Amino acid sequence: MSDEIKGLNEECGVFGVFDATDASRLTYFALHSLQHRGQEGAGIVSSDGQQLYQFRNRGLLSEVFADKKDLAGLIGRSAIGHVRYGTSGNNVLANVQPFLFHFHDGDVALAHNGNLTNAQTLKSHLEDDGAIFQSSSDTEILIHLIRKNQHLSFIDALKKSLNQVRGGFAFLLLRKDCLVAALDPNGFRPLSIGQLANGAYVVASETCAFDMIGAKFVRDVLPGELIVIDQDGLHVDHYTTDTQLAICSMEYIYFSRPDSIIHGVTVHNARKMMGRLLAQQSPADVDMVIGVPNSSLSAASGYAEESNLPYEMGLIKNQYIARTFIQPTQELRERGVKMKLSAVRGVVEGKRVAIIDDSIVRGTTSKQIVHLLREAGAKEVHMRIASPPLRFPCFYGIDISTRSELMAANYSVTEMCEQIGADSLEFLTIPNLIKAISVPDGKNTPHGGLCVAYFDGDYPTPLYDYEAGYLASLKKQQAREVIQ
Amino acid sequence: MSDEIKGLNEECGVFGVFDATDASRLTYFALHSLQHRGQEGAGIVSSDGQQLYQFRNRGLLSEVFADKKDLAGLIGRSAIGHVRYGTSGNNVLANVQPFLFHFHDGDVALAHNGNLTNAQTLKSHLEDDGAIFQSSSDTEILIHLIRKNQHLSFIDALKKSLNQVRGGFAFLLLRKDCLVAALDPNGFRPLSIGQLANGAYVVASETCAFDMIGAKFVRDVLPGELIVIDQDGLHVDHYTTDTQLAICSMEYIYFSRPDSIIHGVTVHNARKMMGRLLAQQSPADVDMVIGVPNSSLSAASGYAEESNLPYEMGLIKNQYIARTFIQPTQELRERGVKMKLSAVRGVVEGKRVAIIDDSIVRGTTSKQIVHLLREAGAKEVHMRIASPPLRFPCFYGIDISTRSELMAANYSVTEMCEQIGADSLEFLTIPNLIKAISVPDGKNTPHGGLCVAYFDGDYPTPLYDYEAGYLASLKKQQAREVIQ
Amino acid sequence: MSDEIKGLNEECGVFGVFDATDASRLTYFALHSLQHRGQEGAGIVSSDGQQLYQFRNRGLLSEVFADKKDLAGLIGRSAIGHVRYGTSGNNVLANVQPFLFHFHDGDVALAHNGNLTNAQTLKSHLEDDGAIFQSSSDTEILIHLIRKNQHLSFIDALKKSLNQVRGGFAFLLLRKDCLVAALDPNGFRPLSIGQLANGAYVVASETCAFDMIGAKFVRDVLPGELIVIDQDGLHVDHYTTDTQLAICSMEYIYFSRPDSIIHGVTVHNARKMMGRLLAQQSPADVDMVIGVPNSSLSAASGYAEESNLPYEMGLIKNQYIARTFIQPTQELRERGVKMKLSAVRGVVEGKRVAIIDDSIVRGTTSKQIVHLLREAGAKEVHMRIASPPLRFPCFYGIDISTRSELMAANYSVTEMCEQIGADSLEFLTIPNLIKAISVPDGKNTPHGGLCVAYFDGDYPTPLYDYEAGYLASLKKQQAREVIQ
Amino acid sequence: MSDEIKGLNEECGVFGVFDATDASRLTYFALHSLQHRGQEGAGIVSSDGQQLYQFRNRGLLSEVFADKKDLAGLIGRSAIGHVRYGTSGNNVLANVQPFLFHFHDGDVALAHNGNLTNAQTLKSHLEDDGAIFQSSSDTEILIHLIRKNQHLSFIDALKKSLNQVRGGFAFLLLRKDCLVAALDPNGFRPLSIGQLANGAYVVASETCAFDMIGAKFVRDVLPGELIVIDQDGLHVDHYTTDTQLAICSMEYIYFSRPDSIIHGVTVHNARKMMGRLLAQQSPADVDMVIGVPNSSLSAASGYAEESNLPYEMGLIKNQYIARTFIQPTQELRERGVKMKLSAVRGVVEGKRVAIIDDSIVRGTTSKQIVHLLREAGAKEVHMRIASPPLRFPCFYGIDISTRSELMAANYSVTEMCEQIGADSLEFLTIPNLIKAISVPDGKNTPHGGLCVAYFDGDYPTPLYDYEAGYLASLKKQQAREVIQ
């Protein structure tokens, strides 16, 4: 899947640093390396030990902080930052994180990656009790829950609140004198701890942020943990012990940067292994192997090497796609004008090619790719997908809301192959996916410590607010399948 | 060489279309695919058969035409466009092309890729004669020469003028009723003709522009040719027959897009073959092969396949680098903050790696790359360059003005290896470069129809205005070499 | 006082319309005529009968709605709008009004002009009870008070809440099906009701907004009133009957537009009469009368006519002052570079002039004006101020927070004259101010229905949260006066 | 005439300074005070004694130099600047001045206020001779003429060239070592010399620029003069002695700032006298006098004083009109929404008013003003115009190109009064205009040293390129008049 596809995007990236010089500037660079996790908004809140400072806006990090003064204004030695993926409906400034709340007893800032499954229920109860929400995001609920328990210490109130929310979440909270990180009981979302040369701790959604700023990896945050970083150092605590690792497999397949290490596994290596196992499992009688740039190149080179076939650059992705780009008219599109991907005629002409993609969501891009390659003279086009068919929605932080959009939820592989126009189509099996990733911590856990619910519908938790709607959609689909 | 390096950049890309619907929009998309040839300015001039319309500005194409109305205002069925690389000194609007000149006997627009070697002499003569130049670019000279011959027909005046200029040039001229293309007698710069489904002709610096807009390749413009496209079709003419092909080898090595076909050779294939021949010529005893993204990936995969070694993603290039990006302070840089390239620890740690780059200009980037890889745990770093050492400046359209900046002009390969910090360093030989490219038209021509003067100092033409300065710099260097 | 002076600025302007076509566009034009009441932020919330839509930002109205789409998105037949004056400390987007609150039982929008005197106390109580405030403005308190009374109807909850807040306030609230206006028990701030030709009601801070949009004046909102406008028309209600008019006299002296009519008095006429009474009370033996543009021109012409002296344009205000204007360096300033006001040499040279200003805050501008006039050759400069000396802060919506800044709070008139460098200085007396304005409704009320507390310190209400600080500052000053 | 009217705008303002610290910043402030002379473009060229530096763009001065760096880049101790009025057709960057020309024998910059009457003829000759023009402005012709005479010294070539151009012009030229000013033989356009405290000379279109920067007035540039300012001081020279003063009377009536002194006459004083003479000549039986803000306020106060009538603020001009302002729809306009001017009901209701305007161009604004006043309740509206009827175009630098647009060229005063809807309409007579201004230098010159050709068609020079078109339009009109 080429990475422009809307509809399958990680919701966010978070980063935090405590007690380091240039804290907000470090956060800026760290967020820069997490930009692939969200391009619709960005923000930073800093603390100078007395007060919290916020700047955030819609757009890419470089756009948000286009005026240097805005970053310079975020003084202090601690900071948290956020890059956000937002669907069009709620892409308003009020939803851009980190959120900052002013209280007469101290400010609190909050950044969140994930999705709460009981948000509607909690929000409704809180509003009945007089609460006023400023955003439509579910993130704000946590702070209301905390404020409902002002009789407790902040950490105790936070622990109690974390036990009330459900779903996938990685929270960072900043107060004037501490940085707190918390992960959901299944560890759906990645969250790691690093350390700068001077000893200061940092927390990030992906380890690539550590490389960017010259920090060393320390450990992953584990399910159910509450990490408190203050002047006395790093304290590992738990708000629950009822945990079981189910890290999102899509982080390995598509979302995370190839250089990130999640639960001990380098993403590029996992992808290359997906390609190798795919080659073993579903070989292709072709002249060359081509990857869809950029996210499928690792898998493609694995497939090529395992097959002993040449790995070629048969597709080119234009590097200068901008937000403000004028789009081709429908007429120009029909006349062949293309914006993002081009097939390389001099490579594929007259050849049988295996094209490796990381996934198929709606199938639109796959269809275009096959068309592009044939137009450029490819004799045969065999598509190989380095993950299993996406058939079920995610409720823990990935934006696949409706099953009706997922091609594999509605068609058999044979039908998909036909619609896409490929000569053959094969997917990696779930066991091979789990084998390719091989999470060390996940050995004795269902699905090897991975969440593979998008492929098999076996969700690791109840679905709460989503349960009814999900069951209804399943029913509708079964009815449709019967009719077909 | 990673592609952010200033100091070795192609100067421009040009595109023209005659008699097609949506001419300026087609030009916009075509220029989009040529954006890698110049990011400092862009412009389009269109013709509606009566009048010419211009819009141009500094910046990327998407920035220049951020307001749709500006493109919509370029009405008519013919257009020429230009993307420009400009050095800081002359990066002013007045230099952004296409130029448009209004005359009481008809407008003329002009777009140019290349560099004239007798510009100063011609300009001086013309000024003495009362001419006033509006830009500091050498491009404008052509139009003054034409106007000096108003007694001749436009085409005859143009032919006469083309015989007065020297150097490397690909010119496009647009008048209300015709589009004209002209190439220098050595064909230093690439220029190709294509055709849309409806028969309309297009001209472009690279064939990737044809793929972008759904046009078919027709033929390359040949040295000394003057192509006139008007209502009667395409007319091939010559302004001189004293020609000899010497197409710039850097177009294959670095500049052009991998999917472009120049004089019959697909750039990706040439690069992959450079990698293969480099592997044969300079093997490395390593665990894996890594390419510098993005321009060296083709050569790296060729090297890996020929060596039967795994091809790995050991370096990651950040995709979100923006013009307005806040840069790390020196202190942060020293603490390890990096912006553009990251090494992938999980891939290279404990491994012996061969790193493939396309060229070395100043050596700064090479040094950083070796440092990055070692920091990420690479045990050995062997650098292999898929082209010969760059030792001489270019006078035909590539921005390498002074020898003092070229690392290979000042140091031996052994010294370079030491400075870069690699365990070994090897370059492709000139004969292998020529063999890897194998220009069909260049068989019986010196250097196989290629200009390789940057490597051996053997310029295919006299240097005119540059001669004295060049000889002086050579002398200074020889003196320095003697002292060393 | 020239109108660029910070430190004495009206805090806001509000406007509302119910059930009219183009409601948000009407609001935009109405706010345009209220722009003088606040330039730091602007916003509009509209209602289409089902839902509320918001757009707001920092900056001038024309900047906020620079993109037409943002206004076009505010659909529906009802709207409220706000222009905001903000001090630098709190000039953030979160404070730009109207505020919009989403509740599962219906949205509420809120726009406010004024200042609450018990805001800190109320906010603290509410936070202890779990409330979370999104802005630092006191406006938001009202909505929290309302939500604390969800068991009551909206109007009853609002009435109860209005009885809990203290100070000066003109509130507009918009719900999907009604528009509500409420004024404080002293009517400190102006608020008027108008009607469009088609019968739709509008509410505005000043009647000049009615002229702008072609509406007819209906009546002023009176102290303690609650006006509800819905599909059944306009309903006049009260939340309290314990009221006494004390309309801010600074509205007449400086803030309001000369064409606005407040409680039956046209502002220009009041100002002209201030000038006339000032001429009677404090004549000057001069050759001409000059007004400080633009706010003092009415008073100056009154003074000139009453004195039978020529009224001349002796000071020019530059019309092109922009926010982004580059300021003169200190050196240039000393060399005479001036930005905003110029004296007209050809008018004042060799002449004795009376210069009329509306007020003196810090005295800085007055000093500059006298200097400018003398530099341009004026032989004598007699300053006449068309209001009494400003000696006490305002707590009801005008930004004069500290006594230490007010020149007249710290110096006698003789000392002021000396510091300003004028040949004489005289102020209008309080009785003459009251006589000049002559509010018809204020006849049997203290100070003729006006608040003149800035002049005599006689505040019409207790000061609540400000009491302690105010008394302390008085004490400090008395101590200083004793020492002096 | 309210000052938003297009169609009667001065074309430009120029300023120059030689050998002063902060030259470009001084120029910036000086241009700021000349902004009323042109809002469509602005630019500055500076000289550091070696080289010339340019920055210019479309828009207001504050917009053009929004980024401080652009002004800071204009280093050196000498500079010229320009603010430009441009008609829509030619409002392109290429036409924004000062123009800067690079020659191998030294750069020349040029700023121009005025209009050449033989531009087309000269341009055509020059193009036939090979010249290439970069702008559509007539200003550039001068530099081409100079370059045609390279055998002469620069000053001699300039003198010769000035004798070849015809029309109204005030030229400033900057070279690395001198500043040159030249005025046309009739002195149509104002141009004055001033001096800074340190002795450095400045030149400006209006003396208000001197007040802005703390310079003293020295003398006016006289018709036919060539002023050269260099390291040796100021040299007064002539390029012709065949001169006769005919300074544009519109400069006094409308264009210039009231504080400027032109040929010894303060503009405000002239305007006030126009009002006084108008009152003597055409009294009105009214209750008050009102001026159209801002340009007619001087005349209105003169009229009021002479008539012994109150001078009232019956019309308000909105101060916040911005370029990007959203305009009312036609429907809203009909419903009474107004943007720029409001009538003050509380002032005019039930009153007989005399409304003073400086001129009538198309009559559209006059009609609106009468309508506004009647709508606000004025019982009678008597319009008095403080200048004679505008009946003929200007060819010397004011943008009134066609007679068909001038109301007074097509209708009698009685007809105009009827169309405008006033109760009476009277204009100042030409003799009274001349008497009101009373240019000291113009005593023994036709029309008192003024150009009044717009009123009587008596042009002080032949019309050259415009002659034929002008005569044709006169004929057409006479034909129309006969028919009527």
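Residue numbering begins at 1 within each chain, and the chains themselves are lettered A, B, C and D in the order written.
The criterion applied here is as follows: contacts are C-beta pairs under 8 Å (C-beta built on N, C-alpha and C of every residue); 3 or more make two chains touch, one makes a residue touch a chain.
None of the values given here were measured: they were computed from a predicted structure.
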Subunit B to subunit C, fewest steps along touching chains: 2
Classification of the subunit A:subunit B interface as same or different, half of numbers criterion: same
Chain whose Cα centroid lies at the greatest distance from that of subunit D: A
Distance from subunit C to subunit A - Cα centre to Cα centre, in angstrom: 50
Computed distance of Cα centres, subunit D from subunit C, in Å: 37
Subunit D, residues touching no fewer than two other chains: none
All touching chain pairs, where touch follows the definition stated at the start: A-B, A-C, B-D, C-D
Residue numbers on subunit D that touch subunit C, as the complex places them: 22, 25-26, 28-29, 32-33, 35-36, 60-63, 65-66, 68, 71, 196-197, 208, 211-215, 257-259, 261, 265-269, 272, 294, 297-298, 301, 305, 310-313, 316, 318-320, 322-326, 328-329, 331-332, 335-339, 342-347, 376
In the complex, subunit B residues that touch subunit D: 93, 101-104, 123-124, 127-134, 136, 143-144, 147-148, 150
